[in-house]
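Listed below are the structures to be examined.
Look at the two complexes coming up: subunit A is in both, with subunit B in one and subunit C in the other.
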Partner chain A sequence: MKTIETDVVVIGGGATGAGILRDCALRGIKAVLVERDDIANGTTGRNHGLLHSGARYAVTDGHSAKECIRENRILKNIASHCVEETDGLFLTLPEDELSFQHKFITACSDAGIETQLLTPQEALKLEPNANPDMLGAVRVPDGTLDPFRLTSANILDAVEHGAQVMTYKKVVSLIIEQGIVRGVNCIDIKTGEAVTVRARQVVNAAGIWGQQIAEYANLSIRMFPAKGSLLIMDYRINSMVLNRCRKPADADILVPGDTISLIGTTSRKVPYEEIDNIKVDSDEIDVLIREGEKLAPILGRSRVLRAYCGVRPLISVDGDTSGRNISRGIVIRDHADTDGLPGLVTVAGGKLMTYRLMAEMTTDVVSKNLETNACCTTAETKLPGASKDKIKQAASVSVPVSISAQYRHGERAEQFLKGDSLSKSVVCECEMITRGEIEYAIEQLNAHSLVDLRRRTRLGMGPCQGEVCACRAADVLQETLKKQGKETNIAKDLNEFLQTRWKGVLPVLWGDALREADFTYWTYQSLLGASSLEDFSHNRSGQKDGIQNTAALVENSLATQLEREV
Partner chain B sequence: MSVNLALLDTSFDMCIKCTVCTTKCPVAEVQPDYPGPKQSGPDGERWRIKGEGFYDESLKYCTNCKRCEVACPSGVEIGSIIQKAKVRSGRHKPKIRDYILSHTDLMGAVATPVAPVVNMVTKVKPVRKLMDKVLDIDERPALPTYSWQTFRQWFKKDAPDQTGFKRQITFYHGCYINSNDTTVGKDLVKVLNAMNIGVQLLKKEKCCGVPLIANGFMDKAQSNAKLNTEQFREALEGDSECVISTSSSCSMTIRDEYHKLLEVDNRELVDRIFFFNTFLVKEFEQGNLPEMKPVKIKIAYHSPCHLIRVGGIVFTLEILRRIPGVELHMLDQRCCGQAGTYGFKKENYETSQEIGAPIFDQINKINPDFVVTDCEACKMQVESSTDYKVLHPLSVLARAL
Partner chain C sequence: MKFDSLIIGGGLAGLVCGIRCAQAGLKTGIISRGESGLAFSSGTIDLMGTGQNRESLIDPFKGIEWMLLKNPEHPYGKVGLDNIHQAMSWFQTLSREIELPYAPIAEGKNQHRITALGALRPTYLSPASMVHMPIEGKQTGFHRVAVVNIEGFRDFQPELARHNLRCLAEFQGVEVVSATIKLPSEALGNRDPGTMRSVELSRQLDSDRAISILAEKLKAAIGHADLVLLPSVLSLSNGSERLAQLSELSGYKISELATLPPSLPGLRLSERLQQRFHRLGGLMMSGDKADKGIIEQGKVQSISTHGNNQMALIADHIILASGSFMSGGLVADRNRIRESIFGLDVNTDSDRPQWANQKFLNGKAHAFTGFGVVVDQYMRPRKDNETVENLYCIGSVLGHAQPVEEGSAGGIAISTGWAAAERIIQKAAIQQKTAVQKTSSQEEIHHVR
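Moving on, here comes the complex of A and B:
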């Protein structure tokens, strides 16, 4: 058994956990982060990726609105490579009350959010794909925020300042000695190895899963799981964030995220026991498309790439049953004060937008408990990649490869763009990812598998959903890990990667997405014989063979579509 | 009105990334700096929508041969996506050279009255060296020669009387036949007359637009398309059964590209616009076959890319097969590399030759009496790059009469 001694152990590798780890590291506090899966795998990676201006909350929750606009300005500076300053439009459609617009502008101005009232003509000039039937629009400083890059950059900075990150380590119990929490016991979910981290402070930043962590100490924290589903469009159908100028409702935000657009979200209560097995329902998809088309009619004519959902980690504070009216407010509990259990601090609520503020507030508590007096500097210190220094265009790299690499990694892209011609060869053609970028993500960003690589590079996130790049990237992954002296079961990894891709495509299996999935199946199963590769038929946890399963689903969908056409 | 280059057409969204287009791209095969039609077309379009800054200079290597569109199982108009992206980018502002090469009707009008002088001068080495230096027109390929008498002039003065025929068609001759080599036009008149069909010309016509599209003069191409379409409409409202073209690229453009790329609505007319080969095969099938004597020649047939695009190779082969005595050899269906004006350009000459090399080798091995092809650009390339003379299929047919 491995034991690690540190000052702070952070449970949870989402944006908040990563932010706390960085904040600790920058304040000179020794810290370790444990995550049961990969970074940004939970709620962090399953939302809109919207850099809120706060306008959405201005009318209903002025406090959140103020927090948002403050963090909005901070993130544009410290995380510029994770942010795109697209601005946003709040559209009033014929079915909406135009009178809300006035209320909205006043509330924004109260929260310190700048607005610009536009005529429909002016708005269409800025965003030609917006609904031309709109009655009016208000421009606000919304933008996009890439949650994977943001988390990864926080981790990278923390590690460069002495912190340690351990992914795929599931916390199985808290170490409690004489009524004080002294650390965590973990299991490596890949190897089964037990790892103990002893610390003076344990931070529970596990989001919705934080309820289980608290239960290890017999504490009760009631989470309010509300599922939100989203659809990803094949390409960027809008260049500005589009919102409805009315009270927040289902499917009223369309965000242009990197090369794609996202429409979301729904909001549905789910029983706590089901949070690890949520899926997108077909009626949610109908709502998303129907409402999305109202924002940008072209959405109805574009390919839906995949569907996904996440769980909002809201703490239940009142009798609301929809989850919509709960404040996105930040909740921090020092269990020494609330439950007489020193050593444990829980952070919950909030949103991706306020991850840094949550981290600052949590680290303030931890810091006070550790009796250190270093101040928080995360509001001013730029994340790695955000220096805005332009790197030199390497002669033999095409412009789209070079710009997209910088878009993802900021000035750090220089490290892999200057490599030899092999490292500059393109592996993922949809998202323009080179072999060098993949090697960089494995060596510098702690990626262990193809799925990890996706979160750090966008590998397999384009229209083909891994069809072209999966086997190429598997080869690079195996070779690079081998250089680091690490063994990997690459056939199994490839299968898992394809399964995660297919999982998102299955709910939207019609039209071109269906043709694409069928072609991928044909390539990997019929041509490459993927299921007959060693270990392909022995899936984890006794599931039916994944590929065969998918094949049956593809065939079913084909049959349904044929029936519809007949 | 100008050609809409905006991103309203989302056909790129249908691409399932099978990459078969790139495996069929003659440029990607020889030019490592060109990432191929998948990346330049549908993949690149996603990025260009995100920001025009993602435009990749290597799109300039595309010849618009459209073999990618033939290969695509998803109906993506890859070639057109690339052509539009090139123009939209504004990076390849046409040069004087491109103006000269692409305005084929204008150049014809200027050159034909002084044809012998032009033809002589463009063969003089120092002149070619100068053109190479000043204009970036490569000194190596033979440039098209001009005809002393245009086809229209011949038709007016010297052609046999066409009024005696009960059936009439309208011939869209295009620039090459009018200004450069009138043979094919004369052969068409001879063949159709032998089949008891009279030939008329349009009151006026302009270049079909294919070189203008390739060189970025989209608005000029569109105004030509409008004029030509109006002329077709007028002719078809008269006593003409149909409009016939003998050039495979002109024919593809006036039928398909006018409404697909240039947004000139000609859809009600396209069923009556024919490439000569489909018209002739239809007539042959209905029993209107001219009397033919054997033509004892060995020919090697080269398939032009744009004729492959419209699915027309089989009809030309059918005509050639019906001519007695002809020993027909089929060349591999590869691009010759000329691609209209592409092969004349200094920066492309070597790529163009490399693309065509396997075809030239095959021709040398077969050692035919003539190479036969339907396209004037392919003809120029083969004649410039091998020692063989190139005939149009109609000229082979005319020899049998």
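Moving on, here comes the complex of A and C:
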């Protein structure tokens, strides 16, 4: 068993957890982050990726609106390589009340959000694919925010400032001694190895899964999971964020992002027990397409690339179990104060947009408890990649490769663009990812598998959904991990990658998506015989048993833990 | 333009049907959009490779018999076992004529093909450039096998293949090594191999000089080996010749593996078949696309194409070889499946959630792979429940087959293509006879007058 000593252990590798880790590291507090899967795998990576201006909340929730616009300006500076300043339009369609526009502009102005009233003609000039039947439009400083890149950049900066990150480590219990929380016990879900992290402060930043962490300490935190589903369109059909100028409702935001556009979201309550098994329903798809077409009619004629859904972590405050007092704001609880249990701090609620603020507020509490008095600097300190320094363009690097690399990694792209010609060969043509970028993501950004690589590089996120690049990247992954002396079962990894891609395609399996799937199926099964590889990865030296045992081990220790608590 | 037989689709099924019709002297045309499924195929011909329990079948014909007991609507059921035998031997004869001989490991027996990922897939016929691996017995007879790539070439992963091969029961006790050889830029036409796919790379390597450099590099990199597995990147048109040359110069037994698409062995077969069709007087309308067919009084009256919409194409017999979803022969709308050119009746009205499995690869066929056109015993389809008299459907536009999981795509293409052609030839002969009789009886009447 491995034991690590630190000041703070952060549970959860979403944007908030990553933000806290960075904030701690910048304040000189020793910190370790544990995450049961990969970074940004939960709610963080399953939303619009919208850089809110706050306009969406201006009429209904002035406080959130103010938070948003403040963070909006901060992120444009500290995370410029994760942000695209597209601006947004709030459209009034024939079925909407034009009178709402006035209310909207006033509320925005109260929150400090700049607006510009446009005629339909002016709006169409800016966004030709917007619905031409609109009655009017208001321009606001919305933008896009890449959650994977943002989380990764926070982690990278934290690690460069001495923090430690451990992915695929599931917390199975809290260490509680004399009524004080002293750390966490984890299990490596890949190897089954037990890992203990002892710390003076434990931060529960597990989002919706935080309820389970609190249960380890017999604390009651009630989450009210609401599922939100989205569709990814095959290409970028809009260049500005499109919203409806009315009270927020289902499927009324269309966001451009990288090479694609996203329409979402729906909102449906789901039982807490089902949060790990949610999927997109086919009637949700109908709603998303129907409403999306109203924002941009071209959407109805475009190929849908995939569908996905996430869970909003709405938290009930003051022990209310009915769900009436649900907060959409930031909730921070020092359990020393609220439950007489020192050593544990829970952060919940909030939005991707306010991850930094949540991290600041949480780290303030932690910092006070640790009696350090270093101040938060995350609002001014730029993330790695955001320096806006132009990197030297090597003549041997093609322009699209260079632009894509810098778009994703900012000035850090220089680290892998200067390699030899082999490292410059393009692995994924949809997203212009080079071999060097893949190696960089494995070596510097803590990617262990093809699925991890997708979150750090957009591998397999383009129109072909990993058809060709999966094999190519598998080869690079195997070679790089071998160099690091790490064991790997690449056939299993490849199948898992294809399966995660399939999960998103399945709900939208018609038209070109089915055509592409037919091609991918043909390639992997008929040409390459990939499913038989899974067979022997099962039979191979009992590896399947190993994994099953690990899962069983995790379940067992969970059960034991719960029994003890009860 | 008027044809005796007009084929929509230039894939394996369309080419086989076209060649057979042209051999019989029929005026034949093929409308082809571009590359077919052959560009994504292994280049071997599967007939019936996998049984119900996912086992590799040794005898494909037995396998077909068993399968038909459960699934009589399968395209093989329309062709019949005797005809499948005939079609396969006709194809083997044809393959020798086009100097790209295809053969089974033994008459009527399946063999294993090694995939680029290092898996084994059962198949029936393979070209001489690929090693024959028996399905029976767990011994390959090899002691040391080398998997070799050319440095920079992205569409083949020797280390992955090596890793997977070593896990196979058949390769226990066999030493499998992988190597990557760096070729000097003179052997690569001064191009960076990291920017080329198989077809481009094959153009660079299609020279005596490149082959001899490759032979030297091979010898230096791998030492002794009973078998060398190379990605298929040696010449599109003269692949077998180049491989034989490399084998002779290096002293290795060499087998090529179809890479990630485009696959050279498939393209090679396509190219040779097109040449043969051309030589037999067939007309290939390449780069064109059949847009619409008009069906009236139970017959296809004419076909209009994208590139030639002024003049409709007319034929006594129309053959639909437009493929499945991948090639655009079938189209999935949001809530239904349809045949794209004529709107023919298809074998499914299931809801979208029933179209595919939750798991992408688990050895169970996705339902959508079995979707397709419904045909009668002569492979004539129906539109709105009425048989279309002069239309025949062949290849993967047909429903009720699971080509990927069965390992049957090539066999279905060849046997349905051949059988439809035979039917057309027969009908054409009868028509001609009637025509001759008519003319002669008219002449008699003249005489009498």
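In this text, the second predicted complex is superposed on the first by the 522 of 566 C-alpha atoms of A that agree within 3 Å, B and C clash if a C-alpha of one lies under 4 Å from a C-alpha of the other, contacts with A are read in each partner's own complex, and residues count from 1 in each chain.
Operating definition for what follows: a contact is a pair of C-beta atoms (placed from the backbone, for glycine too) under 8 Å apart; a residue touches a chain by one contact, two chains touch by 3 or more.
All values derive from a computational prediction rather than experimental measurement.
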Does subunit B (first) or subunit C (second) touch A:I298, or do both, or does neither? first
Give the label of whichever partner, subunit B or subunit C, reaches more residues of subunit A. C
Given the touch rule stated above, what does A:T259 touch, subunit B (first), subunit C (second), both, or neither? first
A:Y524 in the overlay: touching subunit B, subunit C, both, or neither? Say first, second, both or neither. second
Touching A:D475, do we find subunit B (first), subunit C (second), both, or neither? second
Based on the superposed arrangement, let me know which partner A:S282 touches: subunit B (first), subunit C (second), both, or neither? second
Mind working out whether A:V399 is in touch with subunit B, subunit C, both or neither, as first, second, both or neither? first
In the superposed arrangement, which partner chain does A:C186 touch: subunit B (first), subunit C (second), both, or neither? neither
Touching A:R515, do we find subunit B (first), subunit C (second), both, or neither? both
Taking the stated contact definition, name every residue in subunit A that is touched by subunit B in one complex and by subunit C in the other, in rising order. 426, 468, 515, 519
Give every residue of subunit C touching subunit A within the complex, in rising order. 37, 40-42, 46, 115-121, 151-152, 154-155, 157, 159-160, 163-164, 167-168, 192, 194-195, 258, 260-261, 263, 324-326, 328, 331-335, 352-353, 355-356, 358-363, 366, 368-369, 403-405, 407, 409
Write out the stretch or stretches of subunit A touching subunit C in their complex. 282, 421-422, 424-427, 435, 468, 471-472, 474-475, 478-479, 490-491, 495, 498-499, 501-502, 506, 509-511, 514-515, 517-519, 521-537, 539-540
Spell out the residues on subunit B that touch subunit A in their complex, using ranges where they run on. 6, 10, 12-19, 35, 38-39, 43-47, 49-50, 53-58, 74
So, in the complex, the side of subunit A touching subunit B is made of residues 128, 234-236, 258-259, 298, 301-303, 398-400, 403-404, 426, 429-430, 432, 462-464, 467-468, 512, 515-516, 519
